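You will see chain A twice below: alongside chain B first, and alongside chain C after that.
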Partner chain A sequence: MTFLDIRNVSKHFGSVAAVSNVSLEIARGEFVTFLGPSGSGKSTTLYMIAGFFEPSAGDIRIDGAGILGLPSNKRNIGMVFQRYTLFPHLTVAENVAFPLRVRRRPQAEVARKVEEMLALVRLDRFADRMPAQLSGGQQQRVALARALAYDPPLLLMDEPLSALDKKLREEIQAEIRRIHRETGVTILYVTHDQEEALSLSDRVALFNHGRIEQVGKGRELYEQPSTRFVAGFVGHSNFLDCTVAARNDHRADVVFPDGSRLPGTPVHRGAHAGAAAGLMIRPDRVRIGARGAAATSAGVDAVLSDATFIGDTFHFVATTAWGAPVSIRVPASAPMPHQHAVGDRVRLSWDPGQARLFDN
Partner chain B sequence: MLLDFARLGSWRLLLGLIAALVGAFLLLPIALIVALSFGSSQWLQFPPPGWTLRWYEELFADPEWLGSFLTSFQIAVVVTVLSVGIGAMASFGLTRGEFRGRELLRALFLTPMILPVVVLAVALYAFFLRLHLNGTFIGFVLAHLVIALPFSIIAISNALERFDRDIETAAIVCGASPLEAKIRITLPGIRLGLMSAAIFSFLASWDEVVIAIFMASPDLQTLPVRIFGTLRQDLSPVIAAISTVLIALTAGLMALAALLRKDARS
Partner chain C sequence: MTVIDAATSTPPHAPSASSRRAARGLAAVMPAFALVSVVFVLPVLALLLRSVLEPQPGLQNYEAFFASTTYLKVLANTFLVAGTVTVVTVLLGFPVAWFLAIAPAFWSRLLFAIVILSMWTNLLARTYAWMVLLQRTGVVNRTLMGLGLISEPLPLINNLVGVTIGMTYIMLPFMILPLHATIRAIDPSVFQAAALCGASRWHALTRVFLPLTASGIAAGALMVFVMSLGYFITPALLGGTSNMMLAELIAQLVQSLLDWGLAGAAAVVLLTVTLAIYAVQLRFFGFGRAAG
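Entry: the complex of A and B
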């Protein structure tokens, strides 16, 4: 059952298309992240839902009712901003009470709700503090309590953690996940941090140039990227230049610049015979072996050019015969038949099904 | 720092001396007038032969001085209220609005600060002559509003630019109407700017003399005008006393403004 329905929404600023024909259906209680580089249209889409911009075209519905005619203050949506937006002259408790006060709720209800919300974000003891006396993380938790105080069915979060340091960010991410579980509120979360997107959300919508490139669970985006942009943005990846030699239904044979041929790489779309393409393989899916061993899987010959130990993984860089670098990650715990050293001539191999071919 | 005070060595002495001389140059006339107001000589003799509060007694016993004091105060209060109100609305337009000619309009609002006051006074006098406003309370208020408004607009615009607009937006998303958000959130958020706008507007009217001379009538005179008029007739130490009262009030308000600025920084 669709709760939030974004239909063919576009937004133009003058001649610039900030958002082009974005459609997305979100179920009640879902946690969806808009991920993408800056200027990709993710925030603009969020602002249209919040009512800060009117779309140039398209429709946005909540529970089947159009919201585009309503001003922001009548949409009954919660929002946490990127910058700290607590009301500086009000105490923490009065900040949380503000949305209830403008709704003219009775004092007893306001007091009860403020207490409940501050308990939810674990800041009950800070009720009488002023915002300036709180750390950045605490301020954003109060902002979250304020945004949830009036039980909005939809909560928008616009890069709420980008001003915080990494450790604090992870801490508050866990808080946000817990609050999502406990309240069941539908959350739309904007971030440019892919780790944040993957760890928080049920589904990720990856934005690029004002369009959604792909929507899916984090794992789907990682394992079955549908475009080269998705493959490059989510997780680490190697792209090897090649030419498509032959193409059948969903697989293609490719030829590398040194003439070596590789059969059976999956193709999502494009990659017609004769076209220049990029073969994508994740660094953690590449195996390093000795040359000349029975070639049961796909692979290329290369020379190890760099090896780094970074705690839980080894990070290798190998260079192919035609000079392309390939990055490889091997868990430190993995059994390694050889002690590889820089300068070793090796065979890099992978399961053909785990590589993907994209048009250049 | 290129010129670090701590590393200036013996130059520090010279610097201190120059600073003391400049300070004395600026403050001595004021100190002199304050001293004379307590002096017993009725010819403003310095150093005074003795000390007395006589001139203050005369001052507070004179209904004309008290009347002028009250007139000045009433005009300044009304000017302050109007200046802050109009200044706040103008500032919202100038900092938030996006329209053609905005910078031109801002410059226009600030011209009374640069224009020679006497030119402004003559122009207002000629204009008010047609409207029969010269010598009226309303005429005084309108004329002083012209010179007070730039102070308000500068103070409030600065405060509004420093105030993160997302805070107001957050209040609107919380359910407040745009007007309610401005009244309940933005105005308290820029209250220091509003207060310094009030102080400077009050002072702009309170110690203004050039325009006031043109506006004044025999029965409606502000304090600076009466001081000026009295000075031309006789040189009574009462003038020193009323000047001291003026100085004290102005200094008090300036100290308040400085405190507000300090408060805003911390």
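Entry: the complex of A and C
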């Protein structure tokens, strides 16, 4: 069932804990991204799988067999690097053939496979070019062809598109998705671009300070963040300071600094009665209404302090009675009860289940 | 170097702009060009002329040079020594350049300082130092005898062995420095890529590292071989009178025999060989590839 099994892996560089106790089980054919801020241990984890770093503790298994005793060249793993790592003295075709040649595959097979791989990355016409004669995007596609030429069951990619411009990046992302579908290879993909992570992968592992904060589908991370860090990192969010007044199993009542009380906000963990907490609500889940309307949902009073129209959405900023800014996004197509203008005194409301409470 | 880089980085699709730039570049290098013609090309031309004009017009100097077994032996000696020195500097220089590129900063800086300082030390002093080391009662012979490896002192001086040893030492930096630059320019992550592709250390060495350093080896080897062909001081001091090299012969023809014609012919032979080797190098490694 589990194809790649990362168990309690840690890596220390001297006194720096680059990776701390990371565990993750990945199924065959899955596309998992490591997302996280710079220095959070994504590459280090990938490099331990590749065999460039030895873990300080823990175990890594592929198909149940430990791989830590094997050198990189015996692990049969494909990898595409952030930097361009094509062999500069070999043509495109020879680069793709390289892993097959060191495996001493017969010439006919090498030729057939090179052709197949270059067709897969749509570079058939570039077989005889030298790497220096290719654009960055083309080089990374050749690197992808080289990494897949020997049919490795696992493909590692460490920010392969970070040096490319946005348009090209999106184009190659689509290619990677297609190649994943066509080959069924298991992919571990590192990025610090959350859009890329969400659009590419089946599951996202969000790294922070060498630990995995949360693993799940992009939507889960967005809608059910388990920590404040996840809530802040994935998508936009507002955090409203408050105090926990009462707490039952999964929900808590909070009091805002102006004394207004809000019942029934979901809590994942922490947020004990009396604690200072942050109430997280996504900008696109906040509704703007008139003051004094029947308060059927959770909400706070505020004054609109800014309004901008960005293409397909209105972006408002409202300020609460105690001076906290709340950003709100409303699709331009949404039916508006009335036109809002800066300076309007409004009621911000949301479904209680859409907010979440985190310890401060 | 800059001229070469500018030439290769010129985009091919902008002929008018690039030729205008080339024209401006040409104007800028004219004074230097004139200076080089005067101080370098003119003497060579003079030599060439003397070789075909003295004592009377004709190719008799070249006939005399190639007809004499003595002179041919000098030519053979020259190639033998230059070739051996080149091979040995490659074999010794490669690991040193590699070490310089990958060693911890302290060690690589120390070794670099030694290489550079030896290059800056007076050539005569270094050659005399080798005379002291290599003579019959020198450190080398005494050590070998002390260890019981030999019973008689080895003849290490006044022959081609001494010349080769001394010149290898003097030429080593000219191999190490370009090779070091080439190795430093290689992105180490290509070796990580090679490893994941399944390449063993041996494959990574023979199929990636050596090919990527080939241009540096070629550049260093060319430099060492060509410099060795025309080297004078070290062969004159460490070599014997019976085993001359070409530069010594030319000096002797001019100084002792006042035979400018034959000396000119020998010099032109040397120059022709050098240019031919350079042409071969350009053919196989080109400007761009030798530079990058």
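What we mean here is this: the second predicted complex is superposed on the first by the 360 of 360 C-alpha atoms of A that agree within 3 Å, B and C clash if a C-alpha of one lies under 4 Å from a C-alpha of the other, contacts with A are read in each partner's own complex, and residues count from 1 in each chain.
Heads up, the rule we're going with is that a residue touches a chain if its C-beta (ideal position, glycine included) is under 8 Å from a C-beta of that chain, and two chains touch if they have at least 3 such contacts.
In this text, all values refer to a predicted model and were calculated from it rather than measured experimentally.
> Will chain C clash with chain B on chain A after the two structures are superposed, or do they fit?
clash
> Which partner does A:Gln173 reach: the first (chain B), the second (chain C), both, or neither?
Neither: A:Gln173 stays clear of chain B and chain C.
> Output check: A:Ser72 vs chain B and chain C. Expected answer is one of first, second, both, neither. What do you get?
both
> In the superposed arrangement, does A:Phe52 touch chain B (first), chain C (second), both or neither?
In the superposed model, A:Phe52 contacts both chain B and chain C.
> If we overlay the two complexes on their shared chain A, which of chain B and chain C does A:Thr319 touch? Say first, second, both or neither.
After superposition on chain A, A:Thr319 lies in contact with neither partner.
> Just chain B (first), just chain C (second), both, or neither: which does A:Val102 touch?
both
> Intersection of chain A residues contacting chain B with those contacting chain C?
The overlap between the chain B and chain C interfaces on chain A comprises residues 50, 52, 71-79, 81, 83, 85-89, 98-99, 102-103, 143, 146-147, 150.
> In the complex, go through chain A and note every residue touching chain C.
50-52, 71-79, 81, 83, 85-89, 98-99, 101-103, 143, 146-147, 150
> Taking the complex as given, what residues does chain B use to touch chain A?
Touch residues, chain B against chain A: 164, 166-167, 169-178, 180-181, 184-185, 188-189, 191.
> Give the list of chain C residues in touch with chain A in this complex.
187, 189-190, 192-200, 203, 207-208, 211-212, 214
> With touch defined as at the start, can you tell me which chain A residues reach chain B in the complex?
Residue list for chain A touching chain B: 50, 52, 71-79, 81-83, 85-89, 98-99, 102-103, 143, 146-147, 150.
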